[in-house]
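Both complexes below contain subunit A, partnered by subunit B and then by subunit C.
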Partner chain A sequence: MAECHPVGFQWVMEAKARGARIFHVDPRFTRTSAMAHRHLPIRAGSDIVLLGALINHMLSGGHDFREYVLHYTNASVILNENFRDTEDLDGLFSGFDAETSSYDPETWAYAAEHRDETLSHPRCVYQVLKRHFARYTPEMVEQVCGIAPNDFAELADAVVANSGPDRTTAWVYSVGWTQHTVGVQYIRTAAILQLLLGNIGRPGGGILVLRGHASIQGSTDIPTLFNLLPGYLPMPYAHHHEDLDSYLERAAGDTGFWGHKRAYMISLLKAWWGDAAHAENDFCFDYLPRLTGDHGTYQTVLDQIDGKVKGYLLLGENPAVGSAAGRLQRLGLASLDWLVVRDLQLIESAMFWKESPEIESGERTAEEIGTEVFFLPAASHVEKDGTFTNTQRLLQWHHKALDPPDDARSDLWFMYHLGLRIRERLAGSTDPVDRPVLDLTWDYPEEGPYRDPSAEAVLREINGYDADGETLTGFTALRDDGSTSCGCWIYSGCYADGVNQTARRKPGAEQSWVAPEWGWAWPSNRRILYNRASADPQGRPWSERKAYIWWDGEQWTGHDVPDFEKTKPPSYEPPPDATAEAALGGADPFIMQTDGKGWLFVPRGLVDGPLPAHYEPHESPVSNLLYGQQANPVRQVYPRPGNRYNPVGGDVYPYVFTTYRLTEQHTAGGMSRFLPYLSELQPEMFCEVSPELAAERGLVHGDWATIISARSAIEARVLVTDRVRPLRIQGRVIHQIGLPYHWGSAGIVRGDSANDLLPIVLDANTHIQESKVATCDVQPGRRPQGPALRALVRRYRRMAGIPED
Partner chain B sequence: MSNSLYGPLPDVAEDAGYTEPPERRGFFTDTSVCIGCKACEVACKEWNAVPDDGFALTGMSYDNTGALGASTWRHVAFVEQTRPHQVGDGVDTRWLMASDVCKHCTHAACLDVCPTGALIRTEFGTVVVQEDICNGCAYCVSACPYGVIDRREDDGRAWKCTLCYDRIGDGLEPACAKACPTDSIQYGPLDELRERASARLNTLHEEGVTEARLYGEDDSDGVGGAGAFFLLLDEPEVYGLPPDPVVTTRDLPAMWRWAGGAALALAGGVALSFLGRR
Partner chain C sequence: MGIESWPVIRQLTGTDPLGRGRAARSGRTDALVPRTRTADRVADSVCPYCAVGCGQKVYVKDEKVVQIEGDPNSPISRGRLCPKGSASKQLVTSPTRQTTVLYRRPYATEWEPLGLDEAMDMIADRVIAARRAGWQDAFEDKPVRRTMGFASLGGATLDNEENYLIKKLWTALGAIQIENQARI
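Take a look at the complex of A and B:
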């Protein structure tokens, strides 16, 4: 966190100054470890074993927060008698189809008979959980993660001591948890632990994800993701969602706040198509494009290579350096007819046809690459108005400080004027396929000499309007009759009362410690989600020290905006046929869930199992010690030329590597490698190795090393450091190599890209690549130049018995 | 003004000729909370338009800056330490980070040796090079006991931290302190900073961090106390700081006295020789 989020890390330092104990779990000793009380080096890709052992510790030691668990989670739910756990099927859950490598989640659903409040029924979630995690022992942690039992005990004791009515523990993670073939289940494991300890919905608790860029949270809320619409409404699928009703039936549950999905969706359609959207035409639901499969970034790249994708727009993204399997990324770009790159600098993804490892090795020449590249310079964040949404869902407005230079324009300008020009071309068209574009509400006020669309007008559209054109006060005002419009239901209220709430900057000293008047947090300016859980079932704070919101006899009140209906009493019991939030009881804090409970066991929504299980990374030096099933059975693999995988174990690729960022550089380098003041601070690609590995392979500090995988080979300067330590795993020594991934073939400082080593292998829930762990070999010296580079990679593949490309 | 060149000096600005100067300002750099982000280095260069200082990997941990110099006015040192556990097996790793800067000495040798008056004492008690007066003679370079000030090869002039003279006069804090996310770099009246530092030191000692110590806060030290002082977690040498810096002009009066005596003796000898010839 200190490495990649130094500004946010100040709050960890403040917590430390106030007595918080900081543990840092990471393969390497980083700047974060330097500040932590304790650093626990871990083998990359084994976190579920560590977290699972903590869960086992809580359950077997009776350390769970029983009243919280009983009332606020689904611990007491009885499961289907046909459900089989990984305990029964050696690492698989029931419903697995080996032919399609997918699960049918039918048996994961709850049984009809409902709950056992004593938590003793053998099929209740609590007991299933207990059995499931029983094999996650401190000994297993030692064998799989490389963390000694006394170190584990120190962590477990600290977490126990710091959880309960009086105290809360927070877990903070970043892409070190998400970028795995089991990434979602890493976070699920943390969620189970936090629910068992009562650390969700309470001040100082939670699971905090640190996003990789400014406003990545915002680009999930109003998504750049192919399968989501704004506010986490799903994208419709061809054939499944023929009309609005069939879409809404599958979009989300009918109980809890998703019960208003019709109002959210129709208001979105009204924001996009205005008067053209009405009840008779399903509010233009047919205008939405439909999914026909996986259109994620990696599938798209493979489709480019296969000639199925002809044009591509890159906005502030540098996949030639920043995405896994860099060579395939660049080959994809080289297969396009046209490419638009909007960036601050001439990044590698704009210059791949001229400078790239493929050009250098002679594999491609500029003459034979037919891609027409349009580079459009972009405005930086100080050159445009807009919001950042940070990880705590806080929207903060930023004002333009100066005009962008020369031809540089904001993305908002680009999209708006692109839309205007396309509509100009289509004007007068009678072809129904053009209606969705022609009917769009595309009428933003323009500002300044470049005719910038007003960013505040866009924010107002996102906030939404009522039938009279007044800005909405929040999402509860949304209606499903077409009388309201709203560009993103969870953001509704960010422009309440006609005021840009996100631009508020009242200093912390002038308001309460929750600071509700700094920016605006979705939903409804709530700073902690599910904060009903900060009070006990009767509505009283669990303790004075952790009091946050409470029931005062007539309504919910406290330090934050209650994440609950203001006047629903703790004693409320829903009538049998109730829908939406009325179907949830007065002691059901998780108001987005259909049953209002925190899900220890997930009956639906995940494709790889209702409970987390440890699977080895796709490329691993060891076999899975927990189950016969080696890796996540539903992970997405793409065995094809250019994407060959290193075999499990073996001595051709004997070492583990992990990729990461440094404070001084930013992701794929577009915002840092072109700036002298940042480039001079980390001027060269390097690899971090332990003294033991350096001795084993003859690597010399400050000299060069070549790192080889089945995809490519790269060179890096060697940093031999005690901050990387070999681990003893299953009786043998496992070496891990650290590789920052910032460098490429453009910029002030240049170097090889770590991502060239990675394969495309994905988490099936999110389609996120496993870039935190893979295997490789390392040898002293620089890599071969020219055609000899690919020859080296081929020679290694032959040694490992990997099919030829 | 018997202490103008050495020893404690109650008001350095007054000593320099200011009447009723503002409180002396300085830096307290608490390295125990430095996370090594180098925001201080970048903010300093941005504000002061200091050029880049080369693009070479040093191999000295994450420090690719190397040292303070004409184009590096803040420098974050990274020190990797590994020691065996005090009890049991295994090793403890410690990664010390510390942002170094010009000390703005009470007795600033750079200033004292400057023949053109380019180096001045400001009303805030800080030491600043006036770039339009510096003639590049480099006397200051060899005079600095910390090796802070240096000449740029291209323009020949001497450059160093100004403690953001153009910011603090407007009531702003220096760029490095402003950018520091963990308040490792604190700016303010020196007396206040010394109090804060002593409280912080006590806290760390109570927490068992007995190796914590202050560096440069003592006005009876060799430079009369530094305007920019530090809390360190190890010996100064570990961070590349001199353990016992002494202002190089300390012995100037004595040297003049010796030189004067020698000159007198010489003159006397010459006179005698003339007398002797008679």
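Take a look at the complex of A and C:
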């Protein structure tokens, strides 16, 4: 956190100054470790064992926050008698189909019978959890993670001591948890731990994700993602005779706040298709294209190579450096008919046909690459109005300071004017496939010398309007009869009362510590989600020290906007036929869940199991000590030319590597490697190795090393340091190599890309790649130049018995 | 100016014998003012790098960004910026920033210049053609009404309003391969 989110880390330091104890769990010692009380080096890819052992510690020692667990989680729910755990099936859950490598989740569903409030029924979630995690012991932590029992005990004791009515513990993570073939289950394990300890919905608690781009949260909320519509409504999948009703039935539950999904969806359709959308035509629901599987970025790249994708637009992203399997990324670009790159600098993804590892090795030449490339200069953040959504769901408006230079334009300008041109060309078309784009609402007021569309007008459309054209006050004002429009229901209220709430800048020093008048947080300016859980079932703060919102006899009040109906009393019991939020009780804090409870056990929604289980990374030096099942059985693998996998174990690729970022560079480098200050501060690609590994392989500090996988080989300067320590795993020494991934073939400072080493292998829930752990070899010296580079990679593959490309 | 204004004389005769204070100052030093004070205007902004969302003050003089500083009013950042945020003036004013359109023909070995209007027209034509080429009315017998002909990647570095128009236009055109860094 100190490395990649340094200014956010000041709050960890504030907490430390007030007595908080800071643990840093990371394969490497970083600037975060330097400021923490304790650094726990861990083998990359083993976090579920550490977190699972903490869960086991809480359950077997009776340290759970019983009243919270009993009332606010599904601990007492009785499970289906046909459910089989990984304990019964050696690492698989019931419902697995080996032929399709997928689960049928039917047996994961709750049994019809009621809850067991004594938590003693053998099939209640609490008991199932206890049995499931019993094998996650401190000894297992030592054998799998490389963390000694006394270090584990120190962590476990600290977490216990710092949780309960009076205290809360927070877990902070980033892509170190998500970029695994078990990424979602990492976060699930943390969620189970935090729910058991009562650390969700309370100040100082939570599972806090630190995201790496200015509005990566916003681009998830208003998704430039294939599987979502704005506000986490799902994109429709292809079915026979699918209409709005059957879509909504599948989209979400009927109880809890998703119960208003019809209002959210119809308001979105009204925002997009205006008067053309009405009850008689299902509000243009059929205008939405349908999905049939994984259409994520990695599938798209493979489809590019296979000639299925003709055109590609890169809008402020540099996959030639920033995405896994860099060579495949660039081969994908080289297979296109045309490519549009919008950026500030001539990044690698714009220059791949001229400067790239493939050009250098002679594998490709510009004369053979048929891709037509357009580079369109982008406006910077100071040259346009708009909002970023930061990592805590806070929308902040940034004001345009000046016009962009020359041909540089905002992406708002680009999309708007491209849309105008496309609609002009299609005008008069009678082909039904053109109706969605011709009926689209696309009339934004223009401003400035370049005819920029008004960003405020777009934000107002996102906020939504009522039937009279007034901006909506919030999502509870949305209707399902077509009388309201709203571009993203969770953002409704960001322009309440006709005021741009996201532009509020009341100085922090002039308001409470919650700072509710700085920017605007979704939903409804609530700063801590599910904050009803900060009070006990009767509505009283769990303790004076942790008071946040509470019931004052008539309504919910406190330091934040209640994430709950303001006047629903704690004693409220839903009538049997109630829907939406009315179906949740006054002591059900998790208002987006169908039952209002935090889910320790997840009966539906995940494709790889209702509970987390440790699986080894796809590429691992060791076998799975916990189960016979080696790796996540439903992970997405793509064994094909260019994407060969290193075998498990063996001597050819004996080392683990992990990729990461540095304070002075930014992700794929498009915004940092071209800046003189930052280039000077972090001028060169390097690898971090321990003195022991350096001795084993003859690596010299400051000299060069070549790192080799089945995909490619890269070179890096050697940094011999105690910051990476060899770990003793299952009786043998495991070396880990640290690789920053910022560099490429363009910019002021250049170097090889760590992502070239990685394969495409994905978490099946998110389709995110496993880039935090893979295996490799390392040798002293620079890598071969020209055709010898691919020859080296081939030679290694042959040694490991991997199929030829 | 008289000899008494020489630094060495002031150092020897004044209250700063070591020449580390007043004696070392010149008329030029005294006349210097921070760029932030002489700016024509200042815009409230937000750092474009990570997702902490630090407040920035953008100072503009003669239609050029002359300084970007942390905003002390921000309850998130309290005026601080990290090395990247502190360098963001260079992000905007970088001499290597490409500010005109470039075009690379198929199989060409060099870029060539292209007008923005012409580029936009060419891109609009190509989007329409690729959409048509990759159009699917049905997939495995189920209606899909979509195009697989073009794809789009990016959004995490952009504004919400920009992401909104990207998703809205591409979806209306039937494109589904719309992605950004959040998948990575």
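The rule is simple: the second predicted complex is superposed on the first by the 803 of 805 C-alpha atoms of A that agree within 3 Å, B and C clash if a C-alpha of one lies under 4 Å from a C-alpha of the other, contacts with A are read in each partner's own complex, and residues count from 1 in each chain.
What we mean here is this: contacts are C-beta pairs under 8 Å (C-beta built on N, C-alpha and C of every residue); 3 or more make two chains touch, one makes a residue touch a chain.
This structure is a prediction, so every number in the text was calculated from the model and none was measured.
Student: Is A:W353 touching anything from subunit B or subunit C once the two structures are fitted on A? First, second, both or neither.
Tutor: After superposing on A, A:W353 lies in contact with subunit C but is clear of subunit B.
Student: Contact-wise, after the overlay, does A:S33 reach subunit B, subunit C, both or neither (first, second, both, neither)?
Tutor: first
Student: Between subunit B (first) and subunit C (second), which does A:Q10 come into contact with in this model arrangement: first, second, both, or neither?
Tutor: Both partners.
Student: Decide which partner touches more residues of subunit A, taking subunit B and subunit C as the two options.
Tutor: Between subunit B and subunit C, the winner on subunit A residue contacts is C.
Student: Once chain A of both complexes is superposed, is A:T721 in touch with subunit B (first), subunit C (second), both, or neither?
Tutor: First partner only.
Student: Of the partners subunit B and subunit C, which touch A:T663 in the superposed model: first, second, both, neither?
Tutor: A:T663: touches subunit B and subunit C.
Student: A:N463 in the overlay: touching subunit B, subunit C, both, or neither? Say first, second, both or neither.
Tutor: After superposing on A, A:N463 lies clear of both subunit B and subunit C.
Student: Once the structures are superposed on A, label A:Y677 by its partner contacts, choosing first (subunit B), second (subunit C), both or neither.
Tutor: Both partners, subunit B and subunit C.
Student: Go through the superposed model and pick first if A:N765 touches only subunit B, second if only subunit C, both, or neither.
Tutor: Neither: A:N765 stays clear of subunit B and subunit C.
Student: Considering only the contact definition stated at the top, list the common interface residues of subunit A for subunit B and subunit C.
Tutor: The overlap between the subunit B and subunit C interfaces on subunit A comprises residues 6-7, 10, 663-664, 676-678, 681, 748.
Student: Which residues, counting only subunit B, touch subunit A once they are in their complex?
Tutor: 33, 35-39, 41-42, 45-46, 51-57, 59, 61-62, 64-65, 80, 82, 91, 93-97, 181-183
Student: Tell me, which parts of subunit A touch subunit B in their complex?
Tutor: 2, 6-7, 9-10, 13, 29, 31-35, 39, 662-664, 676-684, 686, 701-702, 717, 719, 721-723, 748-749
Student: Under the touch definition given earlier, write down the residues of subunit C that touch subunit A in their complex.
Tutor: Residues of subunit C touching subunit A: 41-56, 58, 60, 63-65, 68, 71-78, 80-88, 90-92, 94, 96-109, 111, 114, 116, 119-130, 133-135, 137, 139-169, 171-184.
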